[in-house]
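Same chain, two partners: subunit A is paired with subunit B first, then with subunit C.
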Partner chain A sequence: MAEAVDYKIIGERPVRPDGVDKVTGRAQYGADLSLPNTLIGSVLRSPHAHARIKSIDVTAALSMQGVYAAITSEDFASPDGEVGGEAAGSASDLAKNVMATDKVLYHGHAVAAIAASTKEIADLALDAIVVEYDVLEPVLDIDEAMKDTAPLLDPDCYTQNLPEKAEKPSNIASVMQLSGGNLEEGFAAADIIVEGEYNIPMAHQGYIEPHACTATVNEAGQATVWCCTQGHFEFRSMTAALLGMNIADLKFIASEIGGGFGGKTVVYLEPVAVLLSKIAGRPVKMTMSREEVFRATGPTSGTHCKVKVGAKKDGTLTAASAWLAYEAGAFAGAPMGPGAMCIFAPYKLENFFVEAFDVLVNKPKVAAYRAPGAPQSAHAMEIALDDLARELEMDPIDLRLKNAVQEGDQATYGPKFPRIGFKECLEAAKNHPNYKTALEEGTGRGVSAGFWFNVGMQSSAEVHVNENGTVTLVEGNPDIGGSRASMCIMASETLGIEYESIRAMIGDTESTGFSNVTGGSRTTFATGMAVVQACEDIIAQCKARAAVTWGVDEDQVEWQDGQAIPAPGVNADVKPLSLADIASQAHKTGGPLLGRASLNAQGPGPSFAVNICDLKVDQETGKVDVTAFTAIQDAGKAIHPDYVEGQMQGGTSQGLGWALNEEYIFDANGVMENAGFLDYRIPVASDLPMIDCHIVEVPNPTHPFGVRGVGETPIVTPLAAAANAVRDATGVRINDLPLSPPKILEALDGND
Partner chain B sequence: MGGYTYVAPATVADALTILSEHKNNGTRAQVLAGGTDLLVQMRSGDNAGRAIVDIKNIKESNNLVFGETETFIGAAISSAVLNESEKLKELFPGLLEAADLIGSTQIQGRATIAGNLCNASPAGDTIPALIANSGVCVISGPSGERQMAVEEFVTGVGTNALSSEEFVLGLRLPNPALRTSDAYLRFIPRTEMDIAVAGAGVSLSLSEDGTCIAARVAIGAVAPTALLVEDAAEAIVGSKLDEGALSKASEACSGAASPISDKRGTAEYRRKVVGVLCKRAAVIARDRALS
Partner chain C sequence: MAKVIFPDHLLPFVGGNREINIEAKRYRELVEILETRWPGCGIELEKCAVAIDSQIYQDAFLEDLLSESEVFFVRKIEGG
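Up next, the complex of A and B:
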């Protein structure tokens, strides 16, 4: 299915429907809404990384002219259970992260909030809030945090998932293990064993648009919230839980979004703004500064990983083990699970053992970031494989081809693989001109591979046919990467009408059915599936209307090229009816045409990627110059190749930034020293070459057009690709990131 | 936050009167040229009220004068305007490259070399380039004009030799002699939009046979102020910039540096890199002097 199909528009690159408003500045982002009488909300943040809150006194702030509301954690509900979809976690932890209760657990942790008539008054009012702290020793290092002797962030935290119930509290929130076969026998069968230990610091998603929202609550307690989010339905659930509100009293409207990458799947400001508005009786707008974004949102886990891999002389892997420690930040929930499940996923491996740890440290609570957890563990494994290839004097792509999983193989994380395209990606890499081009003097080349599951989850879509046959699509997933265009293409292909006749809109929580976040690389797959089904619903209705018009049975009508025609063999002397024909007469045949679908999408297709990275290292300064980069990935089917390439190039850019320069730098007290884009160095455009993309298309049989998710896999691979290229260029292996100039120069000089 | 007032006097005399009035009243006044540092500082911490005295309406501050022996660059001329002057690029290519490294294209439409100097950041890119070119500040004050070598002007991190009644009117640069040119290089981990981890400016003169007969070497971002490194200049004078001479100059720069370790780089790293930059800048300056 879905193979060698001659599509009309799938795979074309039409202009995105939301493009003009975005490039002309008309599009409305999170902070763009202005309502009359709006107050400005500001958050007081902890100056300590770890402290007990003895008291908070807001009376002086509240008495100031122009101050309308002041809140602390006492004004919030005390929720329990789990909230959220992709970013599901403890509601209690989420509440404590939004507003600290008894303790502050990182520098920048919210402790109180103010609504005032101006930003200036709000800031003065924050200064007038008196907080007494009992300062505690911060735990900033993951290895220290795991020791018995470490100060505890949460004295009630007992390690989950241990074989026996933990007796003492610990900063290790939970552990997980994956195993198969017999590790000892596997290593005993190896001719060669490589090992390594790898450290990666915390990194931020780096979305350009800071978190922003406006909330207004009426006298009946009904709230409307405008915000930039990856999932307004889940923001609604979280806000309702944190405030003890009825979901029916909350309406969330998603603005356009200036990047999220997983970081906008959890609430920070929204419940605060609702509460402030409820008290003040006026709309409240909140916008984070870049500094707040760095100190109190995102990031992803810093990690400490150890990997050991054994192989035969011919490159066949015999065993592998991994020890993976992930920083959770202030509350449990590091992505060590996916990290553990992804690390060996690309390879056929009978004997393996993975142990992973979710570790509390006095740093911001981590949030999802593109393939959460996978880049860190893949970095370790793909470096180990590079070392292995060098020792075996084997081509690194051949080594991976020798061990690559394919359809029917048992994945190390559990299931048997359905149809996948890993080998196709490796073959494409091997045959790519980038790989065949000889390296210039002083340049190094690195290869790496990666995997991500992708998810399905819940989506809804409606198709409204206008009276002239044009179509309005309504769905519930904020468009981060061109999904409106992809939805319109899939609707156009299914209905058989022009792409330009279709408009897509993102409905608010009261205008369309529930939809999980835009995340997990699921939107084109799952919401796309809902759009296709809603279009099929329309087609069925159109066939019925044509049957009525022609006086034939419904099964005597077919839909072809955007029109109803008599089925072969049906003897009816009629003209085909286009969607426009049927729509224009709809009032005579049963009323408006409205198609809909809602689903919990099953069968997301795993996506594999391979990278080739060429770079130069300045031997005297340690600076890296990436000279060529090729990203190869199985997209299943690229609905709109521009936006598949956009995901591949974007993920690569973020991965290279993480590899080369990005890192959270904390001082001894746990204060982030580089909370701005000047010193938290995401790449600028001139830092990177044009990233060449090669889309492999091995269709996912469960999607009508073969789509696999593509958004996350691209960041899994660049970390190791860059590290392996630096090794190739310099002869020195550096296991830790970032590969910043001082680190490289130190390694080079140490090598002399 | 207190109040701001903004004035844009049209003459040097008016500007000086305003500055003196504020001094006598005990109120704060601050001179604005491009404002690319000042406005940022006002928005991120130092937001106390003051009078902003804009010098962009003063004729002399906008003068670009190519004299027979020297060039005068008015303090209010933006880097973008300077970089459009082919003549200036020919005379001081290294200085203009330094100006071109500061900020984005949009920022360069406002930013000025004199402002970069007065802001007195240890990492200011144009300062080593000015020192290498024997730049002199022309300072207007109540008792007339005074002149001061750029290397003496910056007194510490964020401080300079101006009294509260003075402002920099412009910069004088001696025109380069025959077979003389300059270069400035800085190191940043990215390609742009960053602040120097280390910087080095070199100006040198060659004899007909390519021997270096005069040189000035200045380094930035590796000490509280940019430094003139005379030992580095001595190391290359008399040589044809062979590897030995360049190494000596490089070592002199590393030795003169007294950097700190911070989020932008370790002291050890900065010391090494400033030497590398000195060597590379010297070679560029030589090639320019020969061409």
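Up next, the complex of A and C:
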């Protein structure tokens, strides 16, 4: 378990510095900005899921009074190469997703945009745009899409990573394999083998705040963009690439953000708003409706998975194989890689084989969603393990403990594990009171486990010491889950000053150094590391200022509890100098104190989670009520436990929504039939019990305070935990999600 | 010598070798040696993350290698 470290504030739960503005409505979100003379931008979207664009005529729209600009893909640059960061992929595909070129590839695909003086005029102008389509057969089913006979979304798409170069185009954009040992021998050594086939439909991140931005371009071609984003630096890069602009001519300012979960790591509106503003010569504001969010922004992949697992009678796993097909949507880039790398990662497994597919279908292009790809594959594996435990009549946690990886074990995705806390999580689950509580009649209990890598990446931070010794932190990561508070805590601990003396702000792209997105569970780890280093820079400067003040050498000064003191043995008759003392005299000792750090953080430290789910199934209606849920996760070290628990509860809620209700429902023409929160049902507070959180702390040795990322792992586990609990409650195994009332009733009826 | 292990998708670019041993003091030197041995593989390696002695680096370059280091190339990790 964790080493005991006597921190002063790390691990405490102070009030977040941005809380008051957020609960009183003062905080400014993406759609809140109002500039004089702002025009409203609107997007014309495809009524077809798959069609060739024969022509687009915006003449009539442009002639309408109050319309200032109309654009199509012809107004964009033709970027090549790749865009980096979290949304890494083909710049050409990104451009085509923002505005369709020769084909529309999903219902809701953008084909043109208008800037007008009012929303009403903009919508009328959209109606006046004439688009001629040659309608094509949509490809909506992943299994059908993989067949040689399927209509092609992209005739230039040849499957990548095949042993031999593909000779004809396919909807399978790429494949990957992972293997180890000898699968045949592994299964031959098994006393028992379980296998299953699992389907999960496409689901949305479900952030409450729709995409929104305002752009203004001046006569010199310099643009300023306000938007809700997980990463304004990467939005700047993407917009520059899509419009052929110089990055130096683009300034991005991140608003507060009402949820992202990976879905706000990629541009949709921003390049359109810049282009419209450039043409119109006035600011342009664009806000998506909820319907547009569903139809045209990044859901996560629907999947079809097959898993086979072999084990000895004592529960030792001998072999496992997986076949994983992930929907990419309209363009390549499904998260099948992490899905394949995560599926067996929690377990010691010598003999394994994983094959994964990135498959084009006429649905929205998928975007990242918390631990992209992992929940779907973990759902399959963790159900298979539950079946195995039942066959072996073994406690499901004991089965996982018997096979759990620990430090030094070879991960199925390649390297040996560094220090990890999976066994500690499993033991915490086994010993948790909620696992020992007797179940009420009609209630079932399910267990599952999950893994996520976490990432580091680039971050920057500056520490400005004000003349009274208070501190302003500037960082480049939008605060989605309470990171301002975590940054202030780490600065407080490092500098040795009061938490309340520190304020954190999110700098725009011109006022702080480059930072990758707030995503990948990286911000508290990587940006926190930058904040700590920037504070250490301040401490070094303060020691130098104290040395000058006292007339001693710098190495004769130490920093302790927020003040400079003479080092042990130094014979100096001086009083300690606090940060406030040094700051107040900074004008005499060299000028203002400014610390800074920028880094590419490495060694993020993997994270594991275990869930215990209790639920009741109404035998007459098929409705599932979750009665108790326990989330256990290794956080390395919880800087602010409220926000670690917030991530655990948030990820769990989303995972349970995905497990029980959420799904994209398409008609035969590829039109989403439930593009609103009434019909696409995410869980609300009254749907769920209080989610009990148990934070395990096995420090990550590469972070100064032992932090591991915590934002993504919580969604990996609830899908299977719920499925296993439904199995326990009903005696019927349902391999497909969501576990909605009709599906459960059908399964119960079939069982009768 | 550092032990270098390649995943399935890189095998076509490194002569089908799953595992090789290479004398290199830094990651950059290792990649230069691999590129010399299998011209063109560097572009594919650049698309990967690399795990050196259990720690995953998304953008390795100057990292030190020890004589007993284990180097695994893995797909770059994305996140949400």
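Some notes on this structure:
One rule holds in what follows: the second predicted complex is superposed on the first by the 749 of 752 C-alpha atoms of A that agree within 3 Å, B and C clash if a C-alpha of one lies under 4 Å from a C-alpha of the other, contacts with A are read in each partner's own complex, and residues count from 1 in each chain.
As a convention for this text, contacts are C-beta pairs under 8 Å (C-beta built on N, C-alpha and C of every residue); 3 or more make two chains touch, one makes a residue touch a chain.
The shown structure was predicted, so the numbers you read here are calculated from the model rather than taken from an experiment.
Within the superposed three-chain model, A:740 lies in touch with subunit B and out of touch with subunit C [touch as defined at top].
Using the contact criterion defined above for the overlaid structures, shared-chain residue A:684 touches subunit B, although it does not reach subunit C. Legend: residue contacts after superposition of the two complexes on their common chain; A:259 is shown touching neither subunit B nor subunit C. Using the contact criterion defined above for the overlaid structures, shared-chain residue A:14 touches neither subunit B nor subunit C, since it reaches no partner. In the superposition on chain A, A:457 makes contact with subunit C only, not with subunit B. Within the superposed three-chain model, A:442 lies out of touch with both subunit B and subunit C [touch as defined at top]. Number of subunit A residues touched is higher for C, counting subunit B against subunit C.
Of the two partner chains, neither subunit B nor subunit C is touched by A:169.
On subunit C, the positions that touch subunit A within their shared complex are 5, 7-9, 12, 51, 54-59, 70, 72-80. Taken together, the subunit A residues at the contact with subunit B in this complex read 120, 620-623, 660-661, 665, 673-674, 678-679, 681, 683-684, 686-687, 740-742, 745-746, 749.
Residues 86, 88, 161, 163, 176-179, 205, 260-263, 265, 335, 337-338, 341, 367-372, 413-418, 453-457, 519-522, 600, 602-604, 702, 712 of subunit A touch subunit C in their complex. For subunit B in complex with subunit A, the touching residues are 1, 187, 189-195, 197, 262-266, 269, 272-273, 276.
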